[in-house]
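Take a look at the structures listed below.
In the two complexes that follow, chain A is the common piece, with chain B as its partner first and chain C second.
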Partner chain A sequence: MLAELGHFALLLMVVTGIGQAVLFSPLWLRSSLRMFSPQKAPATPVGSPDFPDDDRDGHADGAFAPIVAKPANLFLLPIAILLLGLLAEGALLNAFIVSDFTLPVVTDVSHSSTPLLYRIGAAFTPDGGAILLWLVALSLVNLLLAVQLRKSASLDADRFARNALSILGMLIAVLGVVTLIDADPFLRVTVVPLDGRGMNPQNQDLLKVLREPFLYLGLAGLAGIFALTLAALLDNRIDRQFAETMRSWTIASWVCLGTAIAINAYRSYSEQAWGGWWYWNTSENSLLLPWLLATALLHCRAVLEKTETLRSWTAFLGITTLAVGWFGVYLTRSDLFAPLPETQILPIDSNGLLIGFCVVFAAAYYLFWRSVDQMGEGRCFEVISRESAMFLNSVMLALIAAVVLIGTIYPLVLQWITGEPITVGAPFYVEVLVPIVLPLMFLMAFAPALRWRQDELWMIGRRMKLAAILSLITVLFVSIRFIDLSPAPLIGIGLAGWILTASLSDLWARLWRHPEHGESKYRNLQLLGPRYVSMTLAHIGLAVLIAGGSASSIWEEQVVVSARAGQSIQAGPYNLQYEGVSLLAGENYATRQATFILYRHSQPVTELFPEIRYYPIRGVETREADIWHGRDGDLHVSIGDRDDDGGRVVTVHYLPMMPWVWGGMLLMLIGGCFSILTRVILRLKKPGVSTS
Partner chain B sequence: MIRRFKLVFGALAILLPVMASSPAFAVNPDEMLSNPVLEERAREISKELRCLVCQNQSIDDSDAELARDLRVLVRERLIAGDDNEEVIDYIVARYGDYVLLNPPLKPETYILWASPVVLVLLAMLAVFAFYRRKKRDGSTASASLSKDEQARLDELLGTSKDIGKSE
Partner chain C sequence: MSLSRAKIRKRQRMYVIGAILLAVGGAAALMLTAFEDSVVFFFSPTEIAEKSPIDPDQRLRIGGLVVEGSVAKQDDGQTIAFAVTDMAETVPVSYRGILPDLFREGQGVVAEGHMSSEGTFIASEVLAKHDENYMPPEVAESLKKSGYWEEIEAKNAEQMRN
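What follows is the complex of A and B.
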């Protein structure tokens, strides 16, 4: 019964979404405009961007007053949509929690023996569940956007808010229709199976469960940006105020997508036996693409806010980021990329998602194309300036995204045209991306130290002197110490040192030479503002990540042995003593758990328990490595099968500086969160004050 | 003596997976060659080859059955005295270009390999055009200013503009 209620809620959500799209749309405003002031010209078609600027203020007072008089209007529909979305999601979650096998989605990915947490997590894995989660996140964004735009004292701000909400309503309606047509999660079957087919054991992990909400929140945030961009395009006001409105959304989606990526990377690191964390496969690429463009947008937006330049580029990125995110969802949801036909488990039809994508973005790009000519650029900036650095940075990020996109879809297109399968794997991406990434990293260090509008080369040289010297010293030290090092990781380490020292020296200079340099360093830190601090944190995080990645790839040690109980294995500074394997019962799996005692310089540090789990429902084995994050590196232990001579195959990886990779990712995310949190706190403290 | 041992070991390495029924593990010790140089080369080659049933994982990284067979095959060819290229050619001849993680340069992949170069060139052109236009529009961008304001602005900016031009 509850499922039918959820189904109905989903249906109503589509209706309300359409209602919001229509009621808030320019069409409605125009027609009501005609009603209230008959002397005006007949309505222009929906989506037409030509609202003349001067015209806006002219008729606003008289014509719009009757409609905008009730500000509660703005909240009513978003609240209704959110409640309906929560109801639908609740109904679906309930079906998974009580294991209602009359729903085929539950049967496909759940089982009565699956633990509660993973039954909830399983609700997000099928197509319908995933898009429903996206819908709920979208309706949350919808409401938040309404709250953010509520303080629209002026009338064109009000129209802007209505346009944005109308577009979001349309997106909700489209995605709702896609869910209902493509992968309706609330359909029932009459012949009820006795039990489900069980959750994919690879997904049975707390981190994997957490990844989905972050991913879809991030995508919903991108949808918010998309709606704001289109609304601004409609009014032809891609300006400072627009950039300010977009700020929290950009950072929030950037953080959410980044969290999803970090979780994904850590998950494959701890799941697999070989300590790798990025494979350039479709699902990873489809996460990376929107994140890269969100990063580009983050930088352009700052330029737009500061100088009102790069209007069309920012608007383009605002649309494309969602396009790429949506396309990524389509790629991972469709079965186009299953490696070979026999490994496909459930062939899924997700054409609706593709058709929705085409319709939405055809309209969006048409609108962009129509209004791009009317966009004047603001004040100009010189080639050597901070704007310029940030602009080039966003161009390079977009280039990287384009290359990754081509690499991802090329095999598909080729197979479609010629029927010949090819593989585009890690070596391709590394070869092609390194020449783009290296200059990007090199430039990245300059940006914070550059001045806005215009700067001089020799002055930059003076500012970057210390960083250049220190990073050169690092490279020299490393290359002398490890004489037979290949140049690639050395460049990585050098660049990491370059970014790190440049960020720190800029911070140091600002702490001491701030114009309002006062009593204490703490005071100066406050004067720097949360933006600068979060930017520095994120840049340092990236430097740390690069350093860790390069170092762990060079000095990685791998030991594969066939071990017997009591045997000790040497890896780096660590010594592992193998104690044997015991058979244990997990909640819905049986596990062979090995026990290792970890010694560092013959001092016992900890015990490690890598496992091989057997999930009887799907008849699948998974391997869970156990990892020790030490001061000088990660020790990654996993076990394999019994050898023929009675030993146990044990793989030990010692990855020096690997914690830097995780720490770096964390720092970047903390940087983003810091920026949002300070803004929220300042808002709460002093309503109406914007941080900068 | 050593050569014979190697041969025996290699033969064992080929036979073992056939006998073993349980799923294999990424690079088992029983697959590894006793000669560290050969083993190192085998690892190098393995990183270039795709596990056919996985998502973009190399056979070195995969614990699928098929990946194991390929790893063993690579080692077998190495023991037979092939150099790295010959081993890869041997495998490609049997499994097609699909096994190569790095797509080979051939008519079908010209577009793939050319696209990054073309994109970079296009981006450079666009950026160049952007700066050119900016420079040209520099004076017209402030058209919204009145004439007096413009004159005052020019007067104020006069020095800095000259510096910009001299660069």
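What follows is the complex of A and C.
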């Protein structure tokens, strides 16, 4: 019964979405008429409390004004959509929790013996469940956007808010229809199976369960950006105000997508035989693509807010980021890429997702193309200025995204054309991306030290002197200490040092040397502002991540031995003593758990328990590695089969500086969170005051 | 003033467009060369037999079914030897390391590596990050080519019924 209710709620959600799109949008026509007429829209600041006499404007414009709505109108439909979405999601989750096998989705990926947490997690793995989760996230974004834009003092701002919400309503309707047509999760069967086929044991992992909400929240945030961008394009107001509105959305989706990537990387790392923490497979690439473009957007948006330049480029990125995210979902959900899919292969085709994608983005790009001429350019900036550095960086990020996209779909295209199956793997990406990433990182260190509008070369040289010397010393030290290094990781380490020292010396200069800042150090610290702090944190995070990645790829040690109980294995500074294997029962699996005692310089440190789990429902084994994050590196232990002679195959990886990779990711995310948190806190403290 | 400003703007636009073109062109050139030498082709055992001897430097993937009873451990205790077949031809494979979770005799497998001069495939990676009743599409394709697909399907259906 509840499933039917959920089904109905989903249907109603589509209807309400269409309703929101239509009711809020008598403006569409009007705005597009206005857009194609030569005069520009007046640049009235949106939502600014300093404009109390906008009513007069409204009366002057009264003949064309849309139906003037009471504020409640803006909330009613988004709240209804969110409630309906929660109802549908709740119904689906309930079906999974009570193991209602009349629903084929439940039968396919769940079993009555699956633990509760993973039954909930399983609800997000089939196509229908995943898109439903996306829909719920979208309706949350929809409501938040309505709340954000509620203070529409002027008619222009009101129209802007309504356009944006109307576009989001349309997106919700499209995705709802896709869910209903492609992969309706609420369909029932009459012949009820006794039990389910069980969750794919490779998905039975806490991190996997956590990854999905972050991924879809990030994508929903991108949809919010998309709606704001289109609404701004309609009104021809890609300006400072628009950039200000978009700020939290870019950072929030960047953080969510980054979290999903970090979780994905850690999971691939801890599962044996998944090819390390980054493998360039389709599901990883489809996460990386929107994140790269969101990073580019983050920087362009800052330029737009500061100087009102890069208008068309920012608008383009605002649309494309969602396009790429959506396409990524399509790629992972379709069974086009089957060499190493992580998703379930169910007989569901996701053509609706592709058709919806084509329709939505054809319209969006058409709109962009029509309005780009009228956009007008902002003030000009010099070649040597912070704007141009940030612009160049965002172009390079977009270029990286393009390379990743082409590398991902190239095998598919080639197979269509020639029928020859090929794989594009890590060697391709390394070969192409290293020459792009290295200059990107080189430039990245400059941007914070450059001035807006115009700067002088010799001034930058003076500012960057210390960083250049320090990073050169690092490179020299590493290359003398380890003579037979290949150049690429060495350059990676050098550039990581370059970014790190440049960030720190810039921070130093601002804290201690800056003449404009007051004498008190505390005052200087306050003057830095949350943006600067979060930017520095993220940049340092990236430097740490790159240093860790390069170092661990150089100095990685792998030991494969056939071990007997009591045998000790040497890896780096660590010594592992194998204590044997015991059979244990897990929640819905049986496990052979090996015990290792870890010694560092013959001091016992900890115990490690890698496992081989056997899941009887699917008859599948999984191998869970156990990892020790030490101060000088990660020790990664996994076990294999028993040998004929009674030993057990043990694989030990010693990855020096690997904790830096995780720490770097964490720092970047902390940087993003810090930016959002300070903004939220300031908002709460002084309502109506922005943090710029 | 306005004229010089327009000039400046024009020059700047030239710079920007030039930089973008340079970047895009460079990336395209990089990609083309990379496609040439780091794309990995997939071969079925029959194709390997046809094309042998294959250059040992060329990285490639092979796929097929693991021959039942062929998995054996070498004397050093770490190298595993098995054979991959598409029911028409068989290629011996050796791999050093731990085999992935879903590696089974009689099941589909994809391995990446290179051919040795003796005709053994030296795998550096054995890939099986997938569902247990799922056949890698390349493997299915090569089985269809060799004409044994129906037989395998029937066998699988039989197993499902039991």
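Just so we're on the same page, the second predicted complex is superposed on the first by the 636 of 692 C-alpha atoms of A that agree within 3 Å, B and C clash if a C-alpha of one lies under 4 Å from a C-alpha of the other, contacts with A are read in each partner's own complex, and residues count from 1 in each chain.
The rule is short, and it goes like this: a contact is a pair of C-beta atoms (placed from the backbone, for glycine too) under 8 Å apart; a residue touches a chain by one contact, two chains touch by 3 or more.
Since the model is a prediction, treat every value here as computed from it, not as a measurement.
Chemist: Given the superposition on chain A, are chain B and chain C in a clash or a fit?
Modeler: After superposition on chain A, chain B vs chain C: clash.
Chemist: Per the contact definition in the header, classify A:Asp108: touching chain B only (first), chain C only (second), both, or neither.
Modeler: In the superposition, A:Asp108 touches no partner, neither chain B nor chain C.
Chemist: Just to be sure I read the superposition right, which of the two partners does A:Gln454 touch: chain B = first, chain C = second, or both, or neither?
Modeler: Touch partner of A:Gln454: chain B, not chain C.
Chemist: Quick check on the superposed pair: does A:Ala402 touch chain B, chain C, both, or neither? Answer first, second, both or neither.
Modeler: In the superposition, A:Ala402 contacts both chain B and chain C.
Chemist: So, A:Thr418: does it touch chain B (first), chain C (second), both, or neither?
Modeler: A:Thr418 sits against chain B, while chain C stays out of touch.
Chemist: Using the touch definition from the top, say if A:Val560 reaches chain B (first), chain C (second), both or neither.
Modeler: both
Chemist: I'd like to know which partner A:Gly276 touches here: chain B for first, chain C for second, both or neither.
Modeler: first
Chemist: Give one of first, second, both or neither to describe whether A:Asp184 is in contact with chain B, with chain C, with both, or with none.
Modeler: After superposing on A, A:Asp184 lies clear of both chain B and chain C.
Chemist: On the A-aligned overlay, A:Asp239 touches which partner chain: chain B = first, chain C = second, or both, or neither?
Modeler: In the superposition, A:Asp239 touches no partner, neither chain B nor chain C.
Chemist: Which of the two partners, first being chain B and second being chain C, lies in contact with A:Glu621: first, second, both, or neither?
Modeler: Both chain B and chain C are touched by A:Glu621.
Chemist: Show which residues of chain A both chain B and chain C reach, each in its own complex.
Modeler: 272-274, 281, 339-340, 342, 377, 380-381, 383, 391-392, 395-396, 399, 402-403, 406-407, 410, 420-425, 427-428, 431-432, 435-436, 560-562, 621, 623, 640-641, 643-644, 649, 651
Chemist: Looking at the complex, which residues from chain A come into contact with chain B?
Modeler: These residues of chain A touch chain B: 272-274, 276, 279-283, 337, 339-340, 342-343, 376-384, 391-392, 395-396, 398-399, 402-403, 406-407, 410, 414, 418, 420-428, 431-432, 435-436, 454, 456-457, 560-562, 621, 623, 640-641, 643-644, 649, 651.
Chemist: State the interface residues of chain C toward chain A in the complex, per the touch definition above.
Modeler: It is residues 5, 8-9, 12, 15-16, 19-20, 23-24, 26-27, 30-31, 33-35, 37-42, 59, 61, 73, 77-78, 96-102, 110, 112, 125-132, 134, 136-138, 141 of chain C that touch chain A.
Chemist: Any idea which chain B residues touch chain A in the complex?
Modeler: 16, 20, 22-30, 32, 47-48, 50, 52-58, 60-61, 63, 96-103, 108-109, 111-112, 115-116, 119-120, 123, 126-127, 130-131, 134-135, 137-138, 141-142, 160, 163-164, 167
Chemist: Applying the document's contact rule, which stretches of chain A touch chain C when the two form their complex?
Modeler: Residue positions touching the partner: 200, 202, 272-275, 281, 338-342, 344-345, 377, 380-381, 383, 391-392, 395-396, 399, 402-403, 406-407, 410, 420-425, 427-428, 431-432, 435-436, 560-562, 618-623, 638-641, 643-645, 647, 649, 651.
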